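Quick one: this structure, given as structure tokens, is what I'll be asking you about.
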Amino acid sequence: MNRKFKTAGAPHFPPQTTVTRVMLQVLIALIPAIAAHVWFFGPGILFQITLAVGFAVGFEAMMLKARHQPVRLFLGDLSAVLTAVLFALCIPPLAPWWISLIGMLFAIVVAKHLYGGLGNNLFNPAMVGYVVVLISFPQAMTAWLPPVAIAPVPLGIMDTLAAILGGKLPGDLTWDAITGATPLDLIRTSVASGEMISEARSSPVFGDFGGLGWEWIANWYAVGGIWLLWRRVIGWHVPVTMIGSVLLLGLIAWLTDPGSNPSPLQHVFSGALMIGAFFIATDPVSGCASTRGRLIFGAGVGIITLVIRRWGGYPDGVAFAVLLMNMAAPLIDRYTRPRIFGR
Amino acid sequence: MTEYLLILVSTVLANNFVLVRFLGLCPFMGVSNKLEGAIGMSVATLFVLTLSSVTSYLLSAYLLKPLGLEYLSTLGFILVIATVVQLTEMAMRKTSPLLYRILGIFLPLITTNCAVLGVALLNVQEQHNLLQSAFYGFGAAAGFGGVLVMFSAMRERIAHADVPVHFAGAPIGLITAGLMALAFMGFTGLARL
Amino acid sequence: MTYRKILTDGLWQQNTGLVVLLGLCPLLAVSGTVVNAIGLGLATTLTLVCSNLAVSLARRALRPEIRIPAYVIIIATVVTVIQLLMQAWFHDLYRVLGIFIPLIVTNCAIIGRAEAFASRNAPLPSAIDGLATGLGFLLTLVALGALREVVGRGTLLSQAQLMFGDWGRSLEITLIPDHPGFLLAILPPGAFIGLGLLIAGRNWVEARRNRVRGAATAHRAPA
Amino acid sequence: MLTAIISITVLGSLFGLGLGWASGKFKVDSDPVVDQINEILPQTQCGQCNYPGCRPYAEAIAQGDAEINQCPPGGESGIQALADLLGVEAIPLNPENGEQKPKSVAVIDEAICIGCTLCIQACPVDAILGATRQMHTVIAAECTGCDLCLPPCPVDCIEMVEVPRSVDEWTWPKPGNRIPHAGIHKLPETSG
Amino acid sequence: MKLMLRSAAALGLVAIIGTSLLTGVHFVTAGRIVEQEKRVILQQLGQLVPDRYDNQLLDDRFTFTNERYFPNGQPVTAWRARQGAQPAALILKFNATRGYNGDITLLAGINASGSLRGVRVISHKETPGLGDAIELEKSDWILGFTGRSLKNPSSEKWAVRREGGEFDQFTGATITPKAVIDAVRMALEYFETNREFLFNAPADDGGNLKS
Amino acid sequence: MRDHLVNEARKAGERLHHFHGGLRLRHNKKISCTTPVEKVPLATRYFVPLLQQTGREAKALVSTGQKILKGDPIGSFAHLGSGYVHAPTSGIVTAIARHPNSHPSGEDGACIVIKPDGLDQWKPLQPIENWEQAEPGLLRQKIQESGIVGLGGAVFPTAYKVGEASLRGIHTLILNGSECEPYISCDEMLMREQPQSIILGARILQRAIGAERTIIAIEDQMGAVHASLSGAVEQSGATEIDIVQVTTIYPEGGEKQLVQVLTGLEIPSGGRPTDLGLLCQNVATATAVARAVVEDKPLIERIVTVTGNGVRRPRNLMAQLGTPIANLVDQCGGYTGDAARLILGGPMMGYALSSDSNPVIKAANCILVLTESDIQPPQPEMPCIRCGECARVCPSMLLPQQLDWSIRNDLWEEASDLGLADCIECGCCDFVCPSHIPLVDWFRFGKAELQLLAAEREQAEAARKRFEAREARLQRLELERKQRIAEKKRALGSANDKRKKIAAAVERARSGKGGGS
């Protein structure tokens, strides 16, 4: 009559969510922005994503094998895929294939697995990969296509593939002919050469409040991000403080000297700020864990981004700002522990 | 005013002594295992570096230069530094023996922290005046200390991570420093004069 | 302490760059190319031998509270002499190595050897210790320099003219033609990461050697 | 030429003077580190460290005369704590000093005990009660398990007994390790 | 007290020995070092002036400022080469202020005729791999100035190709070359209008290659 | 400081407050609330464990073969103000043996096995007549004799709590009826069916501790309960009893959370509600008190919710302690085919039992049987991705993820700084963790380890003191011995002196004599 049962620790509920589900939701949230990217800049980004995911999964599997970890289990968590997609979204659509290779080598092997793999990395892998290729191959990494709408020569699918895989451009086109500066680049350049922002603003790559095309991609990032917020995959702290600090400081700068400072909206809707605020600075692993820590983290990323954009040598500073705050995260976590109940 | 601000920005960020200029790496790697030790070392260095930057400036400007003895700079500077360090060491041993224990062999090694002599030599090279030297020394130490403290907080986390065995310890520490330097590349061009 | 042990300690077991982690600044700063590495390595080795010798000779005369300042004076003297000589005869190389020649003074490895070895040993072993330590450092420098130069530029021994005069130009070896230039290796992050990889490599070699040795003894044990 | 020598010499002498003064001025008198070390030591007072008790060993460590790996009762965790305090690398326990054993207490077989008081004299923490020619007992709660009372006993009536844990002292066990570390897919389930 | 004196004495002794040795070496090497330093500077400057001049090029220099042609209050150094009493050539050291990452310090050698003998970059902070092709070590681009003058090409052609000029830009980087081209043109214009002053101003002490 | 807080706490219940974190869980209570509480018929054997409350096992007061009456004390505790275990029915003690005892360890414990005689005959009952006039001390003694422990889950001896509380000045008694765990409905049924005895218990407790008023906290989803309780309050004529409905968020039934919800104050870390002048008791505990005082019936039965998808007809049962759990399940129609896990307690905090031969114990508020699909799919544990969900839901405002990290790496000081001791083991963190880290298991282990370390340190400290005292004593003895020797020597010396002097005097005298002659 007596019946035996298996025992297990409390609580006795099925798992509410899984790491895989979390990562999957982030990937889903990126879809609108990817679609917008294709719409505005052509299909290059799709090839870049494919390449980067391929390399990332390859490196991930290799490292898991080398570290004697269950390969299937960890490949299934999709974190490497997410890293790859975010990386691909940061590089120019026509970047040669080996950019992805080297970026993923540093992202997955160096920044992730040398630290012990999922959950242990101190730096945001995608951003490590991006910054490595950015400083190593500035030429390839600054070859941005202008939006299809104003491109002098729109590239077809085969042309794009040939450019990525073979470095060949159709006909007698040169890189200089088909690539152009990004809006932030123009702002940075005009500041460097002592011109007024308004002069740069006359370039066709500027849209209504950000870069032409870029502003819409940024919007779609925000939509995806808000969906993630609603799904509680990310918290509001990082995006709000990051965008908030950029808006606030950008506004102050703009009001004091509109000639050499772009409007705060320009800041928010150009470059990597939106993807950074919702998808990159929110990386839980390399960010702060405590609530106050996340507030500081977000604000820090925003402020450093602005400082680099305004005074630094790079047109955009999101990636650097994220890495810099990654550095500070353990220290911040140490000193922003929440007050324990009753203490 | 901006000039001094720029010196600070340059020494702390754009030309961070540890991550960009490669000065002061031995204590950077050596005393970064524990956060407390790192903070202590940073404070000690802040004190020693500022003081020795100023004193070595004085030595250079009022003794070596007038007498045409620039070739003795290295010797003179290192003497000044050694003395400042030694005094700090004795004072610390007296006032905070535990800190003294934690900093262990590294306090005397502040003498041989390249950053200290580096600051003195660079002061001469860049023709700083007294106040500039003070700011330069202070900024260098602040950059050193800030990075050291962050690094040690990171290392405390790495210490218990599942790092591949051959990389445990110094290698992953250096790779982390490398990634920090990578992040600091973002500050290039920041302190353009 | 046999001479053999002094040598293996300096070159491998207690290698300053790879194991003791002292003298890191010049190691990282001046390892952009092999030629710079050799130049600084030789200067450092020379300094180590001379300073160890001098400290060992003076070791009985120095009281504890002035020991460190005294070492420092000795080392600074040696370094300045080398600096002046280099300035006079290897001026171009001197200009490339820049501030890191006077900074040999504060190469922690030098004062470390002075304190740990020379202050307790006779002149001859001290000089040999200096030589071994210096060569160990030189080797690490060259290894790191080679790694960074090959990965970063695809060449070896570029700019050899700085050290060897004009005939040095012919020493340059291009390993990877049309190398696009991997700037990371040449920039500061590459130095850190490169040294990290070298140390990990040394750990790996050491682990393998121990395993082989362990296997050998284990094999013998039952017999 | 002469100015050079003179100036540096004067400088050197001045610094020497200052240092000499400082070394007298800042002389260190006592070492609170000893107390901190002693606090980490397990206070078993067993002497396995080759010092006549924990405090003497603490003093030896503070002096730099002893390594931090000579206390078997403290075990690895003790060594780690010492290493943390002193900012040095942890090293494995020196096997010459013995090995870490589970905690046990001495029990005197009261039927055999002849009341010689020798064990009372040996006990470093006064954990044995008894009077001459009367039966002795060990106060289990105060016994540190140092083994020092065993050798002097002329009739070998003392035995070290491991301290058992009963059901009501049961505490939750250490959970199984994370699967990836074990390298197998196993759920944290134990069959009943 | 005794302790103090003993320390002082010992340290003093070490210092005496060290300094004496150093001073000795200094006297042996001092001459050669000065010579070497001169050689280095001359080597740099020598590429930019004609072989034939007979004055002490290194000493015949002076420093001035001119906000219109050399903005941001930078000090400009001029070295003058003369053949007999005749001006032979001039070397100007000045900054291009509109670089991507700040100032680019240039040396320009200008023949008495007003044509460029050559241009060199002394220091810059441009992005490695992108803007640094202005270094002679990285590419030959800077040699493109040799032989140019205000009339060759005509002044509207003093620009990068993309903007209809005669000079190449680098792939992905136009700011840097533009900055250099503009600064060199301004220097030439200044030379053109202030030739008298440049060759007749009294020599002073200021300025050297490094800073 | 305390006075200020106590005064603040007097406002308890005026306004509701929030506590940090917590979870809104699916309630699942309805399924067991459809039928009234049923009595469980006499079992053929009772297994009464001797370990039924916080502390150590009780000592058996009976021996094999002894005949006992219902309510006779059969085991007595030596810890925490002592207490008793009583016979659930009349019969014969057939054995005192090790038997599964519904303990989280899963190990067997000593149980008194009783074979009922079927008469269910009470021991002679001596209720306290007229409790309203009785000495509070007498009431407390009754509570102790009746073996009452906290029925809210912690099974801490109520007498001890009440005794301590009476010394510290309590103004408000809080009766905890906010049964917050899903599935469990025993308190709800109790409040519906026996509101009078709860009110009675409240008033008795109030008198026993000298409190001025009582707050009964119930969940806002228990509509019927509010009506029945307020009816009972009116009936009793008591004016100092308030009923407060709190929002249903797990774990608002936790003492600290409940106090915070009612007062807005946090019980200081390491402290208890008494620090705020409050005492918190479960509603069932109050009924047990009422029964003990006015009927002299000790704690031998309790309401147990038998529920879950693994049971055919979920319901609440009034069960004697010691009844095998299988009997309860049988009365509820037995298991469904896919019953997979047997849990004592709720799904969040309960522990899984390995067999249904385990007896009902004082802590058994719920028998939950879950099916495969309730607990599926099991997921492997992954590394923590530091998502921070655990910290977001932790009602103690801890950082579970960092706690876990420090426990795994033996960083005990760190764990203690991070507030390991403040974890209430509610399981919220565990529930939300996407990496399925068994956080609570680690915290339970860690808390025990921390206590062990503290005990060790205490022992070491005591050993050090005794060692030093002994050293000092030995030194003193040594010194005294030396002094004694020295004194003896001196004494010897001076004795010699004296002798010499005498000799000399004698000599002199003699010579004087001689001289004189």
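Letters are used for the chains, namely A, B, C, D, E and F, taken in the order the chains are written, and counting of residues starts over at 1 for each.
Note that a residue touches a chain if its C-beta (ideal position, glycine included) is under 8 Å from a C-beta of that chain, and two chains touch if they have at least 3 such contacts.
Please read these numbers as outputs of a predicted model, since none were measured by experiment.
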{"item": "Chain whose average C-alpha position is farthest from subunit E's own", "value": "F"}
{"item": "Longest centre-to-centre distance from subunit B, chain (CA-based)", "value": "F"}
{"item": "Contact-richer chain pair [D-F vs A-C]", "value": "D-F"}
{"item": "Intercentroid distance (Cα basis), subunit F paired with subunit B, Å", "value": "56"}
{"item": "Approximate Å spacing (C-alpha centroids) for the pair subunit D, subunit E", "value": "69"}
{"item": "Rounded Å distance, subunit A centre to subunit E centre (Cα mean)", "value": "42"}
{"item": "Subunit C and subunit E: spacing of chain centres that average the CA atoms, whole Å", "value": "35"}
{"item": "Per-residue overlap in subunit B, given as positions that touch at least 2 other chains", "value": "71-72, 75, 79, 82-83, 86, 162, 167, 172, 175, 179-180, 182, 184-185, 188-189, 192"}
{"item": "For subunit A, residues that touch 2 or more chains besides their own", "value": "4-9, 73, 110, 116-117, 120, 132, 135-138, 313, 333"}
{"item": "Residue list for subunit D, restricted to those that touch at least two other chains", "value": "4, 8, 11-12, 15-16, 19-20, 22-23, 175, 179-180, 185, 187-189, 192"}
{"item": "Sites on subunit F touched by subunit A in the complex", "value": "20, 106, 256, 266-271, 326, 335, 339-343, 347-357, 368, 370, 374-380, 382-388, 391-392, 395-399, 401-402, 418-419, 422, 427, 430-432, 434-436, 438, 440-441"}
{"item": "Contact set on subunit B toward subunit A in their complex", "value": "35, 149-151, 153-154, 156-158, 161-164, 167, 172, 175-176, 179-180, 182-190, 192"}
{"item": "Interfacial residue positions of subunit F with respect to subunit D in the complex", "value": "51, 55-57, 103-109, 352-355, 378, 380-383, 410, 437-438, 441-442, 444-445, 447-449, 451-452, 456, 459-464, 466-471"}
{"item": "Partner subunit F, residues of subunit D touching it in the complex", "value": "38, 41-45, 53-55, 77, 80, 124-127, 142, 144, 166-168, 170-175, 178-180, 185-189, 192"}
{"item": "Interface residues, subunit B side, partner subunit C - complex", "value": "19-26, 28-30, 71-75, 78-79, 81-83, 85-86, 108-109, 111-114, 116-118, 121-122, 125, 165-167, 170-175, 177-182, 184-185"}
